[in-house]
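Given below, in the form of structure tokens, are the structures.
Two complexes, one shared chain (chain A), two partners (chain B, chain C).
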Partner chain A sequence: MLNYIIRRLLMVPLLLFGVTVLIFAMLQALSPVERSALYVRDIPKNDQALQGIIKRYGLDQPIYVQYWRWLVGFKDPQSGEIRGGILRGDFGYSRTASQPVGDLLARRFPATLEMALLAVLPVVAGGIFLGVIGAVYHNKPLDHIVRIFGIIGWSLPDFVFGLLLLMAFYAATGWFPPGRISDWADQVINSPVFHSYTKLNVLDALLNLRFDVFWDALRHLVLPVITLAYLWWALTLRVTRSSMLETLRQDYIVTARAKGLSERVVIRKHALPNGLMPVVTLSGNTVVGLLSGVVIVETVFNYPGIGMAAARAAVNLDVITVLAFVLLNGLILVLANLVVDILYAYIDPRVRLD
Partner chain B sequence: MSKKTWWAIASVLLVASMMLAACGPTPTPEKVVETVVVTVEKEGEVVEVVVTATPTPPEAKEFKSADPTTLNVVTISEGIDSLDPALNYESDGDAIILNVYDQLVTYAGPKATEFVPSLATDWTISDDGKTYTFTIRKGVKFHNGADLTAEDVAYSLQRGVLQGNTASPQWLFTEPFFGIGTFDVAELVDPTGAMDDDPEALKAADPAALVAACERVTNAIQYDEAAGTVTFNLALPWGPFLATLAQSWGSILDKDWAIEQGTWDGDCATWQNYYGATSETTPLRDKVNGTGAYKLESWTPGEQKVLVRNAEWWRTEPTFPGGPTQPTIDRIVIKGISEWGTRYAMLQAGDADIPAVPRESVAQVDPMVGEWCEYNAETAGFDCEIRGDQPLRLFKGQPAADRTDAFFTFNISAEGGNNYIGSGQLDGNGIPPDFFSDIHVRKAFNYCFDWDAYINDALAGEAVQVSGFLIPGMIGYDPNGPKYTYDPDKCVEELQQAWDGQVWEKGFRMQIAYNTGNVTRQTVAQILQANFAAIDPKFQVEIIGLPWPSFLAAQRASKLPIFISGWIEDLHDPHNWAQPFLVGTYASRQMLPQEMYDEFLALVNAGVSETDNAKRAEIYQQATAKDYEYAPAIRLAVATGRHYQQRWVGGYYYNPIYGWDNRYYTLTKQ
Partner chain C sequence: MTVDETIIGAPARKYKEMGRIERFLGHDTYRILRNLLRNPISVLGLVLLGLFVLIALAAPVLAPVKEGQDPYRIPRDGYGAVPQPPGTVWKTRQPPIPFWWKYVMPADKENQWIHIMGTASGQWDIWYGVIWGTRTALQVGLLITAVGAIAGIALGAISAYYGGVVDMVIMRIADVFMAFPFTLAAMTLSAVLTPVLGKGILAPMVALMAFSWTGFARLLRSDILSVREREYVLAARVTGVKDGRILFRHVLPNAIFPTLVLGSMRIGSYVITFAGLSFLGIGAEVGYADWGQLLSFARDWMTNLSTYWYIVVYPGVTLILFVLAWNLVGDALRDVLDPRLQGSR
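Moving on, here comes the complex of A and B:
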């Protein structure tokens, strides 16, 4: 197992290198003028000044030189400052967010992470539970209800479902407002007495013993989390249900039943571990999907996460910002796949021997 | 499917329909006319008469919010470029700057052409109209507690000019200070403009020339601390000078504080090191210290701005009769929310006190309006009528300070090929590059344009056709002045005369481009397409939607035969329309013929250097007549805007130059 983990860990830098090469190749589709946004905050309008910027930042240099500078940064010949370098967290300047992309990611990512973390548990647990129910009660009323629930979730556009929830549980009742936090709670969070240890408002509020802020942060998360969870539930329960159905038809399950084991034991001890194999893979994708696929949900609920910022950058052709998000997603994907592979190997020893 | 499955489906559909029903507009209560039967004695007889009760007008219901201390403004986007008043040149930033900073003079409430004292208590203008002297108000404190001085005023405006940047509003100062056509301070060092926006080139310039340029600026803006005055020496009389000072770029900074933040140190030997600051590099990008009615508590880019009341604001006199002198709302929270559904939900929940409502969604919001207020141009106020208990108040008919026009390109660029002009010849399959140089072509396009269709289709019926290049209510604007109207017969007449009859004989084919998603521009193109096709199919106007960058590039390269573009005024002054439309930005993109340009330039220069308003009006009317005669564009229509707010918000007024998010200090909340 240890060998397997080491082998997989060694693959990570190679994969990340591949991701950066891919992103850098995309950057090359931009003109040197547009690429200058990696180093200067405002692209000059004067042709002479523009040529100066291109020379100064080596945007006319061989491609490998430019790649290295993009990756690790370089010393500005005029100011002596180190410029650029994604490994230093310098992704350039976001025109649409009026701030460095690194600052934008640092501010927005915790918000999306908080929502995704709160959504992932109900998605995985609820999806598996409903999928198992559907398989165990195959073609019975409970199964039909689960299937209808899944079909609706799978076919309902997220912006429609989100807006319906918003109208019913906010516009009409005022229970669950959009945004990340109320104005008064925001003041508390930004006050010197409040310590933002994790930048996750729900967790920080608990750590600061501010239950009023905790409740406020939570009620802002309810609707987006339900919207996200319902859509991903549908997928998880469908995969779990079909996988469990197939497992329950296996000979060893028949044998287990023939041995006189109770149905509960058959399902929990024998069927579930094997039936959940595809779900583990799916769960990895779910985490990635929740983190990167929240554009619509964040927009509908005015939730200031990376999805909303990415959408705004995309519609305004702010390519530097968009590519930073692509890079972040690539990183998340690589790391999530690493975790899934390790989990897979843990559950299924055959994987380790491949 | 089994019966149980059908039941399950029916249940889900029922729940969904209930949720949809919950989202619909609240039904308006049906009006009931009460009738009673009374018995009266008439000439000795007793008869029964049916009496209809006079409907009582709806009582003014009191509207109270959950939190009267905080005003929640919900806009479409939060897109501040910079909070440096010398650099910011967009409305989102202005909405903050005008509330946290003060200027020497300000507008008399809703009056867009009247000025009242602000940080200056009074001012004098020399007989030749070239010297303005302002007495600086005493006892005014900045938000950091420092006292306002005459030196602060002079420094603020000197620093703005010296910081330069052609994308900033500083050209509005450099022209009156140094002459028409001077758009950046770097042109005082190199008049060719080669150093504009090039800090490195400027730093390398002759040090003596740099100091001389700076001294021209400090001579143009002088102060006398003992007398408490600031004097502006202009290169020529400048009609809109007060209007220029009243805007956000005329904001006054605390000199010491600004230098501490890293701005120009006030020394003429160093100004080039601060030249060319951009919206991101200026030290004042997100730092604010003004004398205004509100202080900036926070700005979260892309999310929100929060202002808090300045309890020590200096103002004791209202800027207009009946106006307030002090802010009453403690906090102003301005959120940018792009999704209309979310803003609508906030409006319904009562969490949006002032929402941005897109024109296409007004039918959805109007059922929530209980009080309707119509703009009255004579009083610059509103005539309001209560029609029900609904929670919103609507202000409508507000004249906008922007307009979209369709401009003809006189010499279309064919460099590197140009699909927009087809074959590039007058052969029925294209147009020649100088197609619009013929006055009959230009007039034909004007007569073939249907303004009513445009106003109804693109502007929801809420707009007025303009006569000339100015907008209604402005000095020199004549609502009864000459204007083209839709007239197919005249269009045919002009086409028959165009290009010695060749256009009528052969027809033409051209493309009109619009940026994808811009319905207004698309509608203009569609109207021309339909009306020419109705005359004869050989007059072919093709419509092409382009992504914004491609549209802009084609427009700037003068490749589009007709470009449809909009202008938002910087100053509510005719010069701010005459300059770009007749000789500046648009005229240069149109490649106006030299003779026409010279005629316009003489009138534009005469108009701006005249300080007598009556004489100015005459000059601009002459320019308008020339504009009609030459028809270099199709002057379209000025939309009239709407403003919705909760009825617990009061104190709203409309000044076209600011739009609606002007001065929050006048607003109240119950």
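Moving on, here comes the complex of A and C:
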């Protein structure tokens, strides 16, 4: 077990190094002038000043020097302050948002987190439930319904589904509006009597006992959460169903049935713990996928999270901002996979052996 | 044709006669096709796919454009901002009326070309976009998958064949590429490539290709590693067959099927991702015949979507059906080819 964890841990720095190199390689597609946005807010227009900036920040230096500076930052020869350095959380300046990228991501993050947190429980629970139903009632009508439900969800582009939902539940009925919060509720949140403990509107509203604000925030989240959830349901239920089918064919299930256990006990006590193993891996991906899948969903629903900011930056070719966002996602993914793998080795002894 | 096996000492056994088609296609291909055609789900998928191919082929007939005009540029009826509902008559710069129009319309209206599916904001004709967009979707899906699969197959085979350091390096590079969520990676690389390749569908296509090889490489590598240990490979090695011949004649043909299935199952998701990027405004220019690009017009009409439903419904449903068709076929193909699932259904 320890051996496995150590081997797995050793991989992480290597992967993280690879991730930064890939991002840095993409940065190299930009001209030195564009890359200066890593260090300065306003890129000057005239040539002489540009050359000065390029010299000052070493954007004409050898690649490995630039990489190192990009990674840890470096001391500005003129002002003496340390600039840049992604390890310091300084990702440069966002052209589209007119502020440092780090600030932009930090300010927008709670909105995205709120959406993802609300989606994760229904996704995992609903997907597992449907998958188990499908496996237990294999080839019965219920299974076919679940399969069709899954295959449709798998074929449904998130933005089309989102638009259809908006059409039905906002444009036609006005029930669930896009955006994050209504104007009046926004004023309440920004008023001095309202304490933003967590920056998650739904939670803060509850803590402040403002149930009208709570309801308003929730109303805005319903459609995006359904959109995110349906897509991941499809995946979770497929994995759960096929893994459960596999498990139900094992000899020990036959044994359990043969010794007269009720079907309920067989499924709950004998099949589920083993059948859900692959779902553990998937759930790790789901959390990350939710965080990254928000790019399109947030854009469809006009929801001001980091995904929408990244999409806007990408459309306007503000590469510095997009790369910071993707880098963040890459890091989260690497670490989440590490946690999941170790967890997996912990619950499934077979993994540790090879 | 009967085969008498007494020659090699086995008990005489008559094989079921192979049909003409079976002999022509080879036993495995025949079996796969037969199973595909027996499964109603995959038949539905194949029929849908056939329909899309027909639409793509017949695009110049279904939605003809003026001589010398780029057909992938959707014709527009003026510049008005407000979408027009299906059935509105073409007013300005009307493209030629297709010949079949007079057979479907009553005599008094046969010289009137209408917006069959309405127009989006900017008066882009949705019918033209949907029809020619079928070609875009097919091209994009097949090209990305082909390039991704070929690159993945090459790298996977090299990785498995040489092993050791080469394998290590290739697989770690694959890990790094997989450390990014697919859609995000494609979006980012498109943004990086657009200034280099110019605005258009090329940048997102290349970006999708660049991140699509990893799945194929990994799958093929692991399948080769398991096939390599089979007895018939050992037998070939013992009899002195050269390495290259073993790889191409014995190992690859037996290891490649799952990779091909993966390809058929991925086409749908590549088309979704590509359309999603167009929807965000990355790649296809405004007015390019692409479903995602058409759908992006809906973003201007969020509050009136129930009035302008046709901007969402026509391209949206077409995209859903297209992806569904590929997924149904891919799903059935996997069931047919995955021996573990056989006998259980």
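Everything that follows uses one rule, which is that the second predicted complex is superposed on the first by the 336 of 354 C-alpha atoms of A that agree within 3 Å, B and C clash if a C-alpha of one lies under 4 Å from a C-alpha of the other, contacts with A are read in each partner's own complex, and residues count from 1 in each chain.
Going forward, contacts are C-beta pairs under 8 Å (C-beta built on N, C-alpha and C of every residue); 3 or more make two chains touch, one makes a residue touch a chain.
Owing to the predicted nature of the structure, the values given are computational and were not obtained by experimental measurement.
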| item | value |
| --- | --- |
| Clash or fit (per the criteria above) of chain B with chain C on chain A | clash |
| Partner contacting more residues of chain A (chain B vs chain C) | C |
| Touching partner for A:Pro178 - first (chain B), second (chain C), both, neither | both |
| Partner chain(s) touched by A:Ser155 [first = chain B, second = chain C, both, neither] | second |
| Contacts of A:Asn302 with chain B and chain C, given as first, second, both or neither | both |
| A:Ala97 touches, of chain B and chain C: first, second, both or neither? | first |
| First, second, both or neither for A:Leu164, with chain B first and chain C second | both |
| Which of chain B and chain C A:Val326 touches, first, second, both or neither | second |
| Partner chain(s) touched by A:Ala314 [first = chain B, second = chain C, both, neither] | second |
| Which superposed partner A:Leu15 touches (first chain B, second chain C, both, neither) | second |
| Partner chain in contact with A:Ile347 - chain B first, chain C second, else both or neither | neither |
| Colliding stretch - chain C into chain B, listed as 73-81, 145-153 or 253-261 | 73-81 |
| Intersection of chain A interface sets (partners chain B, chain C) | 152, 159, 163-164, 166-167, 170-172, 178, 299-300, 302, 317 |
| Complex contacts: residues of chain C adjacent to chain A | 172-173, 175-177, 179-181, 183-185, 187-196, 268, 272, 275-276, 279-282, 292, 295, 298-299, 302-307, 309, 312-313, 316, 319-320, 323-324, 327-328, 331, 340, 344-345 |
| In the complex, chain A residues that touch chain C | 11, 14-15, 18-19, 21-22, 26, 29-30, 139, 151-152, 154-160, 163-164, 166-167, 170-172, 178, 245-246, 249, 288-289, 292-293, 295-296, 299-300, 302, 310-311, 313-315, 317-319, 322-323, 325-326, 329-330, 333-334 |
| Partner chain B, residues of chain A touching it in the complex | 41-42, 44-46, 48-49, 52, 78, 93, 96-99, 104, 107, 141, 144-145, 148, 152, 159, 163-164, 166-168, 170-172, 174, 177-179, 183, 190, 299-302, 304, 309, 312, 317 |
| Interfacial residue positions of chain B with respect to chain A in the complex | 1-2, 4-5, 8-9, 12, 16, 19-20, 22-23, 70, 72, 77, 79-82, 166-167, 194, 196-201, 278-281, 298, 300-303, 306, 331, 333, 335, 337-339, 341-342, 344-346, 348-351, 547-549 |
